[in-house]
Structures are given as C-alpha cells and as structure tokens.
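Per-chain numbering from 1; labels A, B, C, D, E and F assigned in written order.
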Amino acid sequence: MKREDVLMEALPYIRQFHGKTIIIKLGGHAMVDPKIMNTVIEDAVLLHYIGMKVVLVHGGGPEITEKMKAMGKEPKFVAGLRVTDLDTLEIAMMVLAGKISNTIVSLIAQNGARGIGISGNDGNLVIARKMDAQKVTIEDREEEVDLGYVGEIQRVNPGLLRTLLDSGYIPVVSPLAIDEQGNNLNINADTMAGELAVALDAGKLVSLTDVDGVMDKTRTNIYYRLTLAEVESMIADGTIQGGMIPKLAACIYASRNGVERCHIINGNAPHNLILELFTDQGVGTMIRG
Amino acid sequence: MKREDVLMEALPYIRQFHGKTIIIKLGGHAMVDPKIMNTVIEDAVLLHYIGMKVVLVHGGGPEITEKMKAMGKEPKFVAGLRVTDLDTLEIAMMVLAGKISNTIVSLIAQNGARGIGISGNDGNLVIARKMDAQKVTIEDREEEVDLGYVGEIQRVNPGLLRTLLDSGYIPVVSPLAIDEQGNNLNINADTMAGELAVALDAGKLVSLTDVDGVMDKTRTNIYYRLTLAEVESMIADGTIQGGMIPKLAACIYASRNGVERCHIINGNAPHNLILELFTDQGVGTMIRG
Amino acid sequence: MKREDVLMEALPYIRQFHGKTIIIKLGGHAMVDPKIMNTVIEDAVLLHYIGMKVVLVHGGGPEITEKMKAMGKEPKFVAGLRVTDLDTLEIAMMVLAGKISNTIVSLIAQNGARGIGISGNDGNLVIARKMDAQKVTIEDREEEVDLGYVGEIQRVNPGLLRTLLDSGYIPVVSPLAIDEQGNNLNINADTMAGELAVALDAGKLVSLTDVDGVMDKTRTNIYYRLTLAEVESMIADGTIQGGMIPKLAACIYASRNGVERCHIINGNAPHNLILELFTDQGVGTMIRG
Amino acid sequence: MKREDVLMEALPYIRQFHGKTIIIKLGGHAMVDPKIMNTVIEDAVLLHYIGMKVVLVHGGGPEITEKMKAMGKEPKFVAGLRVTDLDTLEIAMMVLAGKISNTIVSLIAQNGARGIGISGNDGNLVIARKMDAQKVTIEDREEEVDLGYVGEIQRVNPGLLRTLLDSGYIPVVSPLAIDEQGNNLNINADTMAGELAVALDAGKLVSLTDVDGVMDKTRTNIYYRLTLAEVESMIADGTIQGGMIPKLAACIYASRNGVERCHIINGNAPHNLILELFTDQGVGTMIRG
Amino acid sequence: MKREDVLMEALPYIRQFHGKTIIIKLGGHAMVDPKIMNTVIEDAVLLHYIGMKVVLVHGGGPEITEKMKAMGKEPKFVAGLRVTDLDTLEIAMMVLAGKISNTIVSLIAQNGARGIGISGNDGNLVIARKMDAQKVTIEDREEEVDLGYVGEIQRVNPGLLRTLLDSGYIPVVSPLAIDEQGNNLNINADTMAGELAVALDAGKLVSLTDVDGVMDKTRTNIYYRLTLAEVESMIADGTIQGGMIPKLAACIYASRNGVERCHIINGNAPHNLILELFTDQGVGTMIRG
Amino acid sequence: MKREDVLMEALPYIRQFHGKTIIIKLGGHAMVDPKIMNTVIEDAVLLHYIGMKVVLVHGGGPEITEKMKAMGKEPKFVAGLRVTDLDTLEIAMMVLAGKISNTIVSLIAQNGARGIGISGNDGNLVIARKMDAQKVTIEDREEEVDLGYVGEIQRVNPGLLRTLLDSGYIPVVSPLAIDEQGNNLNINADTMAGELAVALDAGKLVSLTDVDGVMDKTRTNIYYRLTLAEVESMIADGTIQGGMIPKLAACIYASRNGVERCHIINGNAPHNLILELFTDQGVGTMIRG
C-alpha cells in the first residue's frame, strides 16, 4: 500500500473525528510492555494532533499488587474488587497517581505533546460514596464483607477536564475519587472511564485490554461490529460469557448514555488503537448505541 | 509499508506543522487534469484537518487565453506579462474569480471542508498600483509598452484572510488586486502567493508547477534541499537558468522575509503535495531561508 | 429644507435601524446605469456606517444573456427560468461571481468601506438541489423540460455571512448554490435574497427593481404601505397581476418568516434606497408582516 | 438642498468619525434655553448612533450662583474661580451631579439613547489636589486668597469611562474630582473636558459656548480654521484677547496632547453641533494640532 | 477571642457568600452619625474584597426635608409618601444624587475601593410610572390626593449594574426612576432596594434601619430567624404591627421572588453589618424565603 | 479583641493582597502533625477566598526516607541532596505525587475549595537537566559523586499554573521536573518554590519551616523585617549561619527577581500563615527586595 493511499484512507476518519472527545482506557495488563506502551501513547498523541480531545484513564492492578507484596501486605479480592484498607489505599494512590500517571505523562512529553496527571479527587472531578458491603459465600456461609475504601461514583464534575482539554493538554486520569467528607476512594478503572465518557459527552470510548475483542462461542472469530442491542441479547442468551461480561459493563453504560461508539481492542499489539480507528474493518469489536 | 508505519512516519510532521499557515500556489498548467486536481484538493483538506491554516492561490493563464480566443480577442504578452486592456481584465476576472475559484471551492466541499473564493480586492486584501510601462525591444527598436491593468503589489491587509482562517474556512484566492482609486488590477499569481505568505507570516509556501523542482545542469537530477544562499549563488553562476528563474522569484522573496520553507513540486503527479510534506526526502525542491 | 432638519428627520430611523440586518436585492435591470449604480452603493455604505448590517444580493440576467450571445450560445427560458446547461452555468458563474461581484466590491471600496464578493457555494452558504423538470405547453403539447443546473434552495448556513458582518465587511452575494454532491447550481436572485433575509433574521429586505412599487389597477398610483394580508388579498382578487406577482414572492416568503419590513422600490432613480428608508412616506411600497 | 444630498454630504464625515471619541463641553450659559438644550442632545444622540463614542461634560455656574442666593449665600470669585467653602461645595455637588446631570440624562432617554451621570469622583475617575492660594490685588494690596475646595487635576483614570462607552452608554460628567484623602473638589469644567479628551485619546473636543468662535480684531469675522501654532501666535501678538483666552486654554492643552481637532462653537443656536461637524465650512472655529 | 479564631469563624461565611450579590439599603435615619456611617462603608468594602457583588441603595428623607425647609418649602406627606411637586423633585434629586451619593462614593474611596453614584434613570435602570392619586381621609372627607412626581416601578433593566459590578465597582444607587416619557420620579428607597435585589437575583438584601429587628409583642426580645411564612402569619395575627410592617414590605417582596436571605438590622451600631453576616447568631432579624 | 475589630484590622491586608499570587512552601517537617496541617490548609483556603491566587509547593523528605526504609533501601545524602537512583526516584514520585499531593487536595476539598495535584512534569511545567556530579570529601579524599536523578531547573513554563489559577483551582505542586528527553528528575522543594514564584511574578513567597524565622546571634530574638541587602550582609558577616543559609536561598533568589515579599515562618504553630499575613508585626521574618 502506498503512503499517499494510507493517508487518504485516513482522511474521512480524521474529518469525522475532528473535535470529538475520546476516552482511552489503558488496562493494567495492557501496560506491561514498555515498547507497546509507547506505541499506544504515540497513537494517542497522533489523535491529539489531528484534532481529537484525548483523555487517558489507566488502571494499575498488577503494580498495586506487586508493591503491596514488596511492603509485606497480602492483596485480597472480593467479587473481583480489591479489599482496600487505609494502607492499601495509600499504596494504590502512590502507584496510580505517583508512578503510573507520571510515567505516562513523560511518554506523552517524549512524543511531543503535553500531558497532565490528575486523579478523580483533583478539582472534585469524581464524587463517590463508599461502596456497600458485598455479600459473598465463604465456605458455604454467606457473609457481608466490607470492601473498605472502594467507591461507587455518585457524580462527575467535568469542569477541570474541559479546562485542560480546551487548553491543549492530554489529561491522564487515575481511578480515584473523593467522597462528600473529603476521603479518597479507590474506583474501578473501567467504571471510571465509562462515567467520564458520559460526563464529557464523548464520541468514543476505547478500552485497551488483553483480549482481541468480543469473540464468538468458538473463541476463534471476532465480532467486528455489534449494536448495543446485539450485545445485550448475546449476554442474555449466553453467547457472551465469563470475563468479557464485566469488561463490557462500561461500554454498555456509555452506549446507553449517548456515547456513539465503544471499542474493545487488544492493547498488546502495537498501534492497534490507530488501526481500529483508521481502517474500515478495524482490529477489535466496535459497539454502537 | 504498513498502514500504522505510514501514520507514525507522518506524526512528527503533523506535530511540527500544527497551527502553521501554508500557502499553496496552484499553477494554471497544473490544473488541467481534473483527477489530479482533485488529489491536490484532497491533500489540502487533509492539511486543514490536521490543524494547518491552508490558503490556496491559483493562476489561470491557459483558461484566460482560451476564453479570450473564444471571444475573438488575441492574447498579447510583453516580458512574460499579459497585456491587459479593460476587456481582457473583465475576462480575467470572470475566469479567475468566477470559474476557477468556484470550481475549487466545490472540490473542497466534495472533500468535506468549507472553502471560500475571494479576490485580492475583497476586503481591500491586496492594494496595488498600475505597473510602469515596460521597455521591450521590438524589431531592434526599444519601445515602452503600457501593460494596461497589470498591478504591482503595494501592500497586503491580511485581516480578511485571518478572519476566514480563524473561522475554519479554506480561502481560495484569485490573483487580482485593487488600487487606491478602486480599480481592479491583474496580478501575477506567483507574486501574489509570495506576498500573502509574507503578510500571513506563513511557515510554508508550496508552488505546484509542471516541473519536478530545481534540476542540475544535466536536467536529470533534482535538488531536494537548497538553502536560500545556494539558490542565489546557483543563479549567479548560471547553474539555474531560463524558465526556472522567474518561478523561483516568489520563493526567494518569501524566504528573505521570514517564510521558513518554500517548496517547488510537480503538480501533475497525484498527491505530490502530501508526499513532499510528509516524507523525509520529499518529491521536489525544498528551500530554507 | 435645512441640512440640520434632514439629519434630525433621519435620527429616529437611524436609531431604529441600528444593529439591524438589511438585505438589498439589486435587480439586473437596475444595474445598467453606472452612475445610478454608484448612488445605490453610496446609500448602502451610509447604511453600513450608521450601524446596519448590510448584505447585497445581485442578479445579472441581462449580462449573462449578452455574454452567452457573445460566445455564440442562444439563451432559452422556460416558465421564466433560464435553462442552464453546463456551458451556461459556467458563463453565469463568470458573469455573476467574476464580473458583477468584483465591480460592486470595487464601488464599495471607492466609497470607503470594505466589501467581499461571495457565492452561495462559498462556505457551503446555500445548499440546494436540482429543480424538478417543469411542465410547459409547447405548441399545444404539454412537455416536461429539464432546466439543467437550476437549483431549489434546501437550507442556508448563515455562519459565513455572520462572520463577515461581525468583522465589518459588506458581503456581496452571487445567486449560486451548491448541492449535496458539490455541484454548482444557478439560483433565482429574488429567491436567494428572501432566503438569506430569513436565515439572517433580517429586519429589512429591499428589492431594487425597475418599477416604482406596487401600483393600483390604473397603474398611476403607488401603494406606499401594505400589510402582508393586503398583498395576499390583492393577489387573490386580481388587483395585483402579471410581472409584479413573481417580484413579490420573495417579500411574501420573508414577511411570513419574520422579516419585519419588505420594500419594493425603483432602483433607477438616484438614492431611492435612502429616501425609502429615511423619509416618512418613502418612494416605493413597504410591506409589513 | 435635497434630502439625499444632505445625507450624502454627511457620508464622508460619518465614515471619518466612526469609532472616534468626542468630548462635548456644555457651557453653563449655553444650557439656559431648554429647547436649544434639547437640540444639543438630539445632535449628541445622532453622533452616538452613527458610531461615535460621545462624552458630555457640563458646567453649571449660573445655576450654582442662583441656588446659593436662594439659600442666602453670597457667591464670591477670585481670578475667575469660585471661592468654594464646604457649603458652596455641597451646593455645587447638588446642582451639578444632582440636578443638571439628571436633566441631561433624561433628555438623552427622551431622544432614545442611554445616558449615565457621573462625577469625577465616581470610580476615582479624576484625582485632584486642592489648588494653591491665589495671589490677588485687593485695594492695591496683594493678598493670598485660599479658594477652598477648588481642585487642580493630578491625573485621570479613564477606566470607568471606557467601560461605559464600550457598553453603549453616553456618560454625562460633572466637573468634580476627588483628592488622595477622599475629599471632593470643584473643578473648572473646561479644564475637565480637556483632561478627559487627552485621557481618552479623543479625536475631537467641542466646546459649546455663548460666542460664535474665535473672531478677528473687528469682532465681525470668524476664523473658521486655525492651527494650534496660529492660535498661539495670535495670543502672543494680541489678536486674541480678553475672555476668549481662558476659553481656549483647554483646546490648546488638548491639541498639544494629541487631540486631533478642537472646536469652539456657539451653543445658543439650534443644531450648531451637527452643522459644525457635518458641513465643510462649519459654523465656528476648528483648531487642529 | 483570638485573631485567628475570628478569621476562621468567618471562613465558612466568606466561602458561602463568594460571588453572591448583596443589596444594602441605608436608611436615611441610619446615616446621621458620620462615624457610624463610615463603619458601614468599611463593612461594605470588606464584603467587596472577599468577593461579594455589593450594591448600596440609600434613602435621604431627613436631609430632603431639611433642605426644603432651608429653601422655604413646607414638606407634605400623604399615606407615608412625600407629596412631590417639581421643586420638591429637584431638591430630592439634588440631595440624593448630588449630595448623599457623592458622600458615600468618597467614603468608599477613603476605604480603598471604587464606588460610583447612579440614579434609577441612569442607563434607563428603573422604569416607573406616576403613582395613582391616593385616597386619604382629611377631616372626615375622603379625598384623592395627587402625589406628584412619585413613581411606581414598572420594570428594572439591570444591565448597567451588571456592567459596573463585573468591572469591580460598588454602585451607590439613588431612589429615582424615569418614566416612558423621560420624566424623573421619586421612588421609595425600600421598594427600590427590593426591586434591585430581585432584578439582580441577589443572594441577600440587608436593610439598615434604626430599630434592632423584628421584636416580639413585649418589644424586649428580637426574632433572630424567621421564615417568610412566619412573617406573613405574624402580620396576619397582629404580632407584627405598626411601623415595622412597611419596613418588611421589601423583604417580603424579595423573599417571594427568589432572594435567599433578607436581614433587618440596626444601622446605628458600628459594624452591625459584618456582625450580622459573619456570626452564627447575628445581631438582627434574618428572614429566609 | 472584638470580632469586628479583627476583621477591620484585616481589611487593609485583604485589599492589598487582592488578586496577587502567593506561593506557599510546605516543608516536609512542617507537615507531620495532621491537625497543624489542617490549619495551614484552612489558612490557604481563606487566602483563596479573599481573592489571592494560591499555589502550594510541598516537600516530602521524611516520608520518602520512611518509605525507602520500609522497602529495604538505605537513604543516602551528598551535600544535603538525596542521591536518587531509579528506585529512589520511583519512591519519591509515589510519595510526593501519589500520597502527599492527594492528601493535601483532600484537605482543600474538606475546607470547601478545589485543589489539583500536579508535578513539575505535568504540562512540561518545569524543565530541568540532570545535576552535575558533586565534589565531596570522603575520608580525606575528594570524590565526585553522581547524584542520579536529581535536577537543576532550566526554565519554567507557567502556562498550566495560570490556566488552573484563572479557573479557580488551588494547584498543589510536587517538586519533580522533566528533562528534554522526557526523564523525570527530583527537585529541591525550596528551589522549586522560588522558581515558581519568579515565573508567576508572585507578590509573596512564604516558606513554612520548623523554625520561627531568622534569629539573631543569641538565638533568642527574631528579626521580623529584613531587607534583601540586610540578609545578604548578615550572611557575609556571619550573623546568619548554618542551616538557615540554605533555607534563605530561595528567598534571596525570589527577592532578586521581583517577588515583593518573602516570609520564613514556623509551620508548626496553628494559623501562623494567617497571623504572619494579617497582623502588623507578624510571627516570623519578612524579607523585602
């Protein structure tokens, strides 16, 4: 394929995306290989320069677990959520807002744009409340487990993000929130991305995970395009199962609330973000509301 | 070459050109093939969408000549300039501002952006004065020939262009001007492009002609990069001769007055504009001040 | 009448018109005498300087016909509309946007303001579609005649006009439009003026024609003031007949859609525009909605 | 003279004055006839509507004297300045800012514009200091007389006036000032007008007095146009004498500090303001710097 | 109480009032002691500097009466309203807009902020109509008495106040208005304050009177907090009687139309304004809608 | 002291500080007691609400040391600077930007304002280069020790801080920077505060340390006011010695570069910040340039 043909193939997408907001969720697992990570940021900077308003939301589960162990704490999960005591919250804040955000901001600088790392508590961006205790079955007995400093988002004040986007920055958001009393809370990064997409009236929400997209039952074929209705019916009839269901939750929420396109793509292959957005077929699953 | 590699190769250029003004001169000869013409406009629209401020300046010599003949008038040239009586001026205005500008604006619309055709007399954009009579030798006798309504630019009021660029339009400029008494004057399109580039403090002036660039004496090798000093010395020592010298005049003027890069490329090959700007070697001659 | 009394008589009108938008339609027949033409532009510039937002829309029928004949083409009309093949369209564009617009812009400059010539396709200002074939009776047989590149306005995007008016320019608009595929189309100038008046929420639409206004049946007395209802009932009962009916169409359309005052005046007497606007009786017919 | 000719004669002046600031000084004597007064305000409102930034500065000497007498106080003058004790200052403030300003603001409203009465102490507009005691000869003895609350202008903070002008109001200014300690001071109205003209970088200062302008020695012929140099030399050689010299002081100060044109006209004839500005000869004396 | 504790006690109020508009009505009786008056202005300037938008509205009844007597006119009241003939109106304007406003503006300057004195007729701020003749019983006969130039507010155009507040000035408003014919009218100052509070969507209306607030029937205990409903029911059942009822009228009007808090406090004790606003109990009566 | 007197004593300071920028450096040692810490933030929020532009810069040395030990790393210092290998840098980033910034932002939220935690690499705020190796004498031998990722500030791009301040946020800045290659570097917090004060043209730089200010030689009396010249001469003649000299470095740098007042106060007593700013004597040392 000739250079000029690639650029011309991209033109209609560039035109269409111009001025739109895109939320890119970087999964913790998708950030392990620094080289791949750099191609993701390269892609994000390209989107910025062709006129999109780019917001990055990152997780950091594997690194939080690693740091906890280094400090002699044993991670504990209930219903897929990290039980977060005060020490764990402090480690999570340090890893998310201290280490990962700064690393991503540096990569953005290396690629020629200006990033800024913020958390959901900066500028009262994300207001949450402590999540209710979860009922879990432990050795045949149902128990209520208090998750500690884990939050459920109440509302988003997107003013700070709009200010930063309008001033030409690429915000890099850690999944933390603040409650009405001013306490910090840990937030699921997918949920955070979905809420920000809705609050910013985003055109796109792209989730970079470690699978290729929504697969059929044989696990060999990818669904490139799905409607929200199809996703919902495929969950209802069991076609979509297991680990993909929670992954889709933020997409479903965003699609129902006006986000035009949600994408689930594999963040472990270089430049998948650009290929998904700038080619007709794409590389992962695109869901439209 | 893979799609993603092409886009990543373009990223540094996109970053570097972002927000810069580019003046693109479309030579009359380079506008004959509608298909090629469309690729030029595709390229210009791409530059617009990646954040450049694009101004098109077009000539129209061949079409003016053709229309004059269709109306029974014989074109006449002195020292390479068209002798322009009132009827000729009217025909030039009709062809340039009536036909060619509208055609280009339509192509821009077809490619998804918004153009606007203006002349140098709109908004008092280009103020000129009638050019002095030219001394020419006719049959061994030196004579002074009055060129009629041919103008020499006095000054440019770029306010209208800035307003249009800031509002997201792609201006398409006909090489006409107005004098202090409100008369219209015909202007050489290369001169016009150079003056606009300087007045708008443009980062780039690209001239689409019907040759590949500045060639060496053998006429087989192209000079891809030249400094202003090299161009001036190659003219002085006779390396550059003939028809290329007037072609270079606007580039030399622009380079001396702060325009960072001037390009001379062949407008008859598809997408040469993009290839010149987005690849390291380019396809024509780039001159830096 | 003393100077100061004239100016004081004008004061209430100046106050009332301040900041309002006025669309002035210059009929092709009303533009034949350059001296008269200049007084029209003088008047328009005065309106501009006392704080009105002035938009000129011009026709050009007689000149198009003349140029067609000069190029050996025979003009053809169906139901009062010019049959417009590609060659005719090109001539219309050249005459309207190339010659007449530039002439008017020069006159504006000579009177000390800044004009800018645009067409309905500039900035996607006027979107139209090809008009349906017209049923006409030719030698007792009803036939459908395709009018060619003649457009019916679909919608107006007044953004470009607002930008220009807010920046202090007087737009001079040629009656051309663009369709969704990017083709140029010829538009009736009266229709164009009416549509622009509505799209710009104009306070006034003034049509400069070659008759003195709406006359009574004896053709000796002019109606100076009419309501929209009166005009409609006078058409219904046959008081208004013949050539005046199509002339009134744009006024009726504009009045029904919120334009406060429409005027039909004779453009062949000097300064009729000012006299109509700044005197109590006026010189032509004023219609209020 | 025909209506349209009057308006066209005014056009070049309207164009030239557009956006310029004009300070109009209304002398106390020129405000005695309410009908004349109304024509002055009519003129000022016309200037406002054709795009000038109009500031009115008024005196009020005769009315202050009258009110003082009504309250049983005997007015006293030294070197042409009113000796101003605290009671006199209170009466001056009441007459100037309470009565005259409100009267003028009402006339502006009646003529369809929006005025606002302010004093030099509003918004710290005019900072002054108490004037030094004046040496006067009383019965052959030279004495120093303290003028009381009479001020000498130190500096002008034109911010408030700019805010009001930019918001479309016509400021009506009483000649009062404030000193650094927050005391009110009485200011000569001509001096005030001159200082405001300079501080606002006005294009024009017009003084409405009760004489026709600067006259020659025979007192029969008026000088319609004078340069600043001519005025200065005519004062030096005694051509201009007596009461006209203090009247010219503000004009000379303004002309020396960049105000383009100063006019001295008779405010007792209706519409002299408009006639001076909109006719070639004018009715009074125009001084250019 | 320690300095820092006072400031910290104030912090929540400062936060809560930040950016809110406050209308402060200065009663004529509350302005008699210059020292007290200065503490009121000190308080107002403090409110300005902590970010409130402060508007002062003053009365002036006692001083108008005094000046009338000094000029040999006998004040006359009907139904608590001053019968206002032309002479009385002139005196009222002079006292209110000439003397009192200037005095307050000077005090503001002395306290380091910038005030500006305006009347309700400046900028067409308050449009009123002449109040209907009042029926009064004089010696057993019911008569209609024409109050003269006393106005009833029709509407408020708050544009001028917003412009001044946004530019950082403290407006000082005299209770005068203008009718549709441009006549000045005298307005009750409480009514004026209430109308401005509603028109500006104020957060607070504070009335500085010469009583301590709403008292219980024993006249010994003050009601510190009342709801609008309580006030209305206490008027209905006779708990609130006599002179307090008209004083409450503006509060009731403002509370019903969205003003959050109205305060009635004694203006004769120093800094009561600050104490009412910055302490939990306050010093007078606070009414909430 | 009465409430109202405290507030009135504060008024001149509030007026004087209104709109000024203040940089508050929170020393690591001054942040150990959460209660004291909260009073510092209360004070900062009060400053914000009375109209100052507040920027907090914090250190974190003791906590970094503690976390290093918890992770089994031994802290090492050379010439008072922390030797920073990659692991140490990661811990510093986590403590500074992850833990301390978030804690301060939460305290700001609890006090009713909106903070935002940023590092010097966000938005390319602080560009630094790796510091040269330091010459130190170890066991009688002079050695060069590479400090690792410790930076020397090259320049500050204050755009991001201005954007945040203009939007009403209180920025909380971690002392980190970025070099031209996009690497993160550790910065001395005092130096950072001084550089930001100069770059933002701050009116004040306040350093909260664990001493009471600059003391005389007896260590019993504090110097409340010093000029820059006095400080410099007291360092030269040995009056100021030891640990205070590096503490003063940022003050001297800021004073020399236009910051009007620098304060060194003890951050371990509640509300010292407010007492220093709002009382005449203050509680620490104020240095003026």
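By definition in this document, a contact is a pair of C-beta atoms (placed from the backbone, for glycine too) under 8 Å apart; a residue touches a chain by one contact, two chains touch by 3 or more.
Computed from a prediction, not measured in an experiment: that's the story for all the values here.
Asks: Would you say E-F or B-C is joined by more C-beta pairs in contact?
Replies: B-C
Asks: Among the chains, which one keeps its Cα centre farthest from the Cα centre of subunit C?
Replies: That would be chain F.
Asks: Mind checking the centre-to-centre distance between subunit C and subunit F? Centres are C-alpha means, answer in whole Å.
Replies: That gives a centre separation of 69 Å.
Asks: Round to the nearest whole Å and give the separation of the Cα centres of subunit B and subunit D.
Replies: 56
Asks: Between subunit E and subunit F, what is the gap in Å from one C-alpha centre to the other?
Replies: Computed value for the inter-centroid distance: 47 Å.
Asks: Could you tell me the distance, in whole angstrom, between the mean C-alpha positions of subunit A and subunit F?
Replies: Here subunit A and subunit F have centroids separated by 35 Å.
Asks: Mind pulling the subunit C residues that touch 2 or more other chains?
Replies: none
Asks: If each protein chain is taken as a node and each touching pair as an edge, is the resulting graph a line, ring, star, complete or other?
Replies: Chain contacts: single closed ring, each chain with exactly two partners.
Asks: Can you list the residues on subunit E that touch subunit F in the complex?
Replies: Touch list, subunit E to subunit F: 1, 3-4, 6-12, 14-15, 18, 42, 45-46, 49-51, 111-113, 270-271, 274-275, 278-279.
Asks: Okay, in this complex, where on subunit F does subunit A touch?
Replies: Residues 70-71, 90, 93-99, 101-102, 105-107, 109-110, 114-119, 121-124, 159-160, 163-164, 167, 169, 176, 178, 181-184.
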